[in-house]
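Reading through the structure tokens given below for one structure.
Note that the chains take the letters A, B, C and D in the order they are written out, and that residue 1 is the start of every chain.
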Amino acid sequence: MEMSFAVLGAGRIGQVHAEVIAATPGARLAAVADPIAAAAQRLSDAYGSDIRSIDEIEAADDIEAVIICTPTNTHADLIERFCRAGKAVFCEKPVDLSLERVKTCLGVVKETDGKLMVGFNRRFDPDFNALRAAIDQGRIGAVEMVTITSRDPGPPPYDYIKSSGGILRDMTIHDFDVARWMLGEEVQTVMAAGSVLVDPNIGKLGDFDSVNIVLRTPSGKQCTITNSRRASYGYDQRIEVHGSDGSAAARNTHEANIEIAGSAGYHRPPLLNFFMTRYKAAYAAEIAAFIEAVQSGGPMPTTGHDGLMALALAEAALASIGDERVVNMSEFLD
Amino acid sequence: MEMSFAVLGAGRIGQVHAEVIAATPGARLAAVADPIAAAAQRLSDAYGSDIRSIDEIEAADDIEAVIICTPTNTHADLIERFCRAGKAVFCEKPVDLSLERVKTCLGVVKETDGKLMVGFNRRFDPDFNALRAAIDQGRIGAVEMVTITSRDPGPPPYDYIKSSGGILRDMTIHDFDVARWMLGEEVQTVMAAGSVLVDPNIGKLGDFDSVNIVLRTPSGKQCTITNSRRASYGYDQRIEVHGSDGSAAARNTHEANIEIAGSAGYHRPPLLNFFMTRYKAAYAAEIAAFIEAVQSGGPMPTTGHDGLMALALAEAALASIGDERVVNMSEFLD
Amino acid sequence: MEMSFAVLGAGRIGQVHAEVIAATPGARLAAVADPIAAAAQRLSDAYGSDIRSIDEIEAADDIEAVIICTPTNTHADLIERFCRAGKAVFCEKPVDLSLERVKTCLGVVKETDGKLMVGFNRRFDPDFNALRAAIDQGRIGAVEMVTITSRDPGPPPYDYIKSSGGILRDMTIHDFDVARWMLGEEVQTVMAAGSVLVDPNIGKLGDFDSVNIVLRTPSGKQCTITNSRRASYGYDQRIEVHGSDGSAAARNTHEANIEIAGSAGYHRPPLLNFFMTRYKAAYAAEIAAFIEAVQSGGPMPTTGHDGLMALALAEAALASIGDERVVNMSEFLD
Amino acid sequence: MEMSFAVLGAGRIGQVHAEVIAATPGARLAAVADPIAAAAQRLSDAYGSDIRSIDEIEAADDIEAVIICTPTNTHADLIERFCRAGKAVFCEKPVDLSLERVKTCLGVVKETDGKLMVGFNRRFDPDFNALRAAIDQGRIGAVEMVTITSRDPGPPPYDYIKSSGGILRDMTIHDFDVARWMLGEEVQTVMAAGSVLVDPNIGKLGDFDSVNIVLRTPSGKQCTITNSRRASYGYDQRIEVHGSDGSAAARNTHEANIEIAGSAGYHRPPLLNFFMTRYKAAYAAEIAAFIEAVQSGGPMPTTGHDGLMALALAEAALASIGDERVVNMSEFLD
């Protein structure tokens, strides 16, 4: 049975989701909403969907689910509205930049018995899933140490940085979620170091462009996260998990799987350098998992709680940098 | 402008093409034909296309192009009929197992000014294309030696082997085409060795399961092709090109891009072991190239002539094994 | 001109150095000293060197240099004695477990104008040197982030742990030195997390078996060090340096450079799992560099100061774990 | 008990062996002979060995074994002389360029119960041995197809080519030996193709610089050998063995085990590009195996028969190219 979607927000990530829905058997892009008429029109033209207002979508009987791709400061409100309207809701991370607002919002989700999935696309990457599956199959024994390397090809525009909540809430938040997924245990303490090495203007905006974070769980498992806002060789996305019986690593994805040898040595192409190409399969699998959860009535694969926890880890890391101390997660969670 | 397709033959490869057409923007699967009603129905159900007879499709005004996925011995007749009917024709290799029949058929294509593309999917593989592009960019200098390794995970059923024309006409034919593509020069002489190492029954059917072929061009470029009908580790598909200034290699595609280390060492998953998963992107690119060529009126990316040349190389290799000699291509081409 | 050596201490690392000296053109193992007669005899038999007491070696005119491989608590005294005796001194790390004792000892070295090299073998590993050379050639731009992974195949005996000063002073000390070498700038702040995941008895001895450390320099460069006392797949020794224009990585060394593919996938042998085989070339290059420095009168490639700095970093990391805070190096250095 | 050696011929390969003997425990380089006084003097100076004439060495009581590194056309005579003199003989390949002369010489070896080892250094390479061991352990099942890639960094001087017997007798001879080792069964038929692609002057000397050879055994196993006299990226030396249960491959050795990523992609250093560095460990293991065989009285690891068989394969390949046919080894062996 086909599931009918509306995409709220026709920007970059809205386009990604629209394309995925159009190509997913059993899904239909019924409507798109965006205050910028040209953006909405582009999606409408591409996929034959209606252009409607958010109010119309909220009231529509023919829309079963919404994909929230609007600016971050509208996420929590929209989640609440559409949960109340009885729609299944897929929302891009983060739910909000304020932990308190996230908590309130999740209260509404609970109270309305809402169906909310928060978009942590990396959990649906085929290679990362193969890594997680290998761990679940016991191939490396008990997890001890996780190493996450995540580097963007280049920094985002200053305007984006200003409203992003900073590197930890915007970029590292994905790694915090991956850390929780790989550790299989909640984090107890957080230490972080931040630097401005890529662009001094980023520092002037009160942000960092290069960070390292160490997470530690109650049982002593640890995770390091290395982030940089620049990587000349593409979008660097690696996970390594060390366990009692071995290690498992997910490696990067290159533009092509070829190698060229010449007098200067052996050469492979750079990495895929855009999140949409690198995580193309993940975005498709993510929406498929959302549909499956909605239709089966089963649990959401990534929840509002996951969104909350990742944001809390970002808050703790910020506090660690600010106070030069190890921060306990109990300060942020109750 | 959308292009309307009929798929003739709803077997395994017919399903591959139907799925590709359904997912290709600008293409529509209007009809499917198959003498086995259940097979046709399955495709019709999956993609909402009509079920029609071949005669109906031939006469239909609303069908612009056909994909011929019927048994090999019907290919040449269907190509002729549909070229005469003014449809664009995509035909799976080979055109026919008889060189003479291929030549007659191509005569009809020429005479009717037909649009014929013969399906050599590997020419559309992204990695192989990156390899070819690197060569075209001069990164390894002048091509000298090509090494093609192609091993199937396991042998096909005996019934398939009986009607396949043997490993050289059925399996190596793809490698012959890749050889011509990579050498950039027609082959002059062919030497081949065949063995039965995988299954003695294959030998009883008059076929081989393990072959090596050496091709040589007039200017002295050489190409070796290594084929086996078994590979426990998946579908082994590699190309290496050695040139005056370096070498370039396209590597295999694994099930996942992870590596697991344990007391027994480092372990990566096996290769994708099915042609449909391994060449999924190639099948999509192949149909996109066909549509582009038909709509632009430009030349077909892989032609009937390519089909003829690959088959002639197979004939020459068979003669080389049979007579234990180096065979000159002039014996088969005029 | 041949240089005449005495090895003090005929244990495991003494044997390594004796073998290296015997195989080094221009070096001669003249004498060996060890309170355990059998140990001294074994080296004497193997390399035809005299057995002498430390006093005799101190007084000997025919000994130009000593290699100190005795227990750690004797290092500082021996360095002082042999510097005063005018011998060139190569001493295994650490100079002492007490920062104060190291400082006093280095005072004596300075006062006697002594020639002291402290053994940080990794600085002489060919692959790590190729990495450092690539950085020096500007191939990755300015260094920003260093990632050091260092895992032992298994924990040492409890007795060793008791007198080792703990994992940070014993094992991580090598990584601290590599960090300084790769960062090219002294460390300003240290954060560390320690866990007991491998063996609870290690915790009972007051030590850790799994640690992560984050170092930060005044200019904001960072380095993470990941250590574990177990790695089922061998001796895991990797360095990755991320810079403004790219990244460079030194990879592990496997038992053999082969790969085997089968139905379970692709398999490479485990890593060399012993420091003597993994760093065989480094130990040889280290002694060659010592000889070169002594004979040329040039600076020692790794000095007492390097030993002091690495130990100070270990002290800071211990303080960070103990106090759950970021530690400033100024607390340990004056 | 120490074994006393003389090296006959102090050229490039003589120096390799002299250095190995000097560094081998239990071996002593007692004497060196060379008609060029300066060459002999250089070895004598480096290793403290006597300079003697071949006659003196033949008559010497203190010489147990000789290493023949003289020009090829003297090998057979020297083998006969020193076998008659009761010395153990290690001779560089080939025994002679004439199959008949080799057969006569081996007759003398047999008649004198001589100890003769022919130097096929690749059989002692650690990686190739690990490959052979994996096969022996049954890790790939029964051997079916062997692929040997062997490319020199550049062609030798014309003068060398003139007296070398051509690429097949000089370069491919090593691959023929490896083929026999990996196939584990003697070759029955040989097909070969030769081209001149690197340097037309090589063709004017009647030689080829680029060859492919296909070998086939009575049971149907096959081996392809790909040779080129140029490889801009170093000394390309690979073996891949395909079996009923899997495949095993020995990979190339790079100058350093590092990888550098930048905007142009990922880059590894070129291969070791000189046989002495690439096969350094093999040369040492080869002499150790010779000493072990002489002292234990066991069989030689690589024999005169191996030398004969490799040369016969070269002859067959030449006949195949000349006559454009498949050649049966029975034409060359009786």
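The working rule: a contact is a pair of C-beta atoms (placed from the backbone, for glycine too) under 8 Å apart; a residue touches a chain by one contact, two chains touch by 3 or more.
These figures come from a predicted structure and were not determined experimentally.
**Student:** Higher C-beta contact count, B-D or A-D?
**Tutor:** By the number of C-beta pairs in contact, the winner is B-D.
**Student:** Report the chain whose CA-based centre is farthest from the CA-based centre of subunit C.
**Tutor:** So the farthest one, by centre of C-alpha atoms, is B.
**Student:** How big is the gap, in whole Å, between where the Cα atoms of subunit B centre and where those of subunit D centre?
**Tutor:** 41
**Student:** Using the average of all C-alpha atoms in each chain as its centre, how far is it in Å between subunit A and subunit D?
**Tutor:** Those two chain centres are 58 Å apart.
**Student:** Where in subunit B do residues touch at least two different other chains?
**Tutor:** 231-233, 245-247, 261-263, 269
**Student:** How about subunit B: which of its residues touch subunit C in the complex?
**Tutor:** Against subunit C, the touching part of subunit B is residues 231-233, 254, 261-270.
**Student:** Give the list of subunit B residues in touch with subunit D in this complex.
**Tutor:** 141-142, 144-145, 147, 149, 151, 189, 191, 193, 195-198, 210, 212, 214, 216, 220-222, 224, 226, 228, 230-233, 236, 242, 244-247, 324-326
**Student:** Can you list the residues on subunit B that touch subunit A in the complex?
**Tutor:** My answer: residues 23, 126-127, 130-131, 134, 139-140, 245-253, 255-263, 269.
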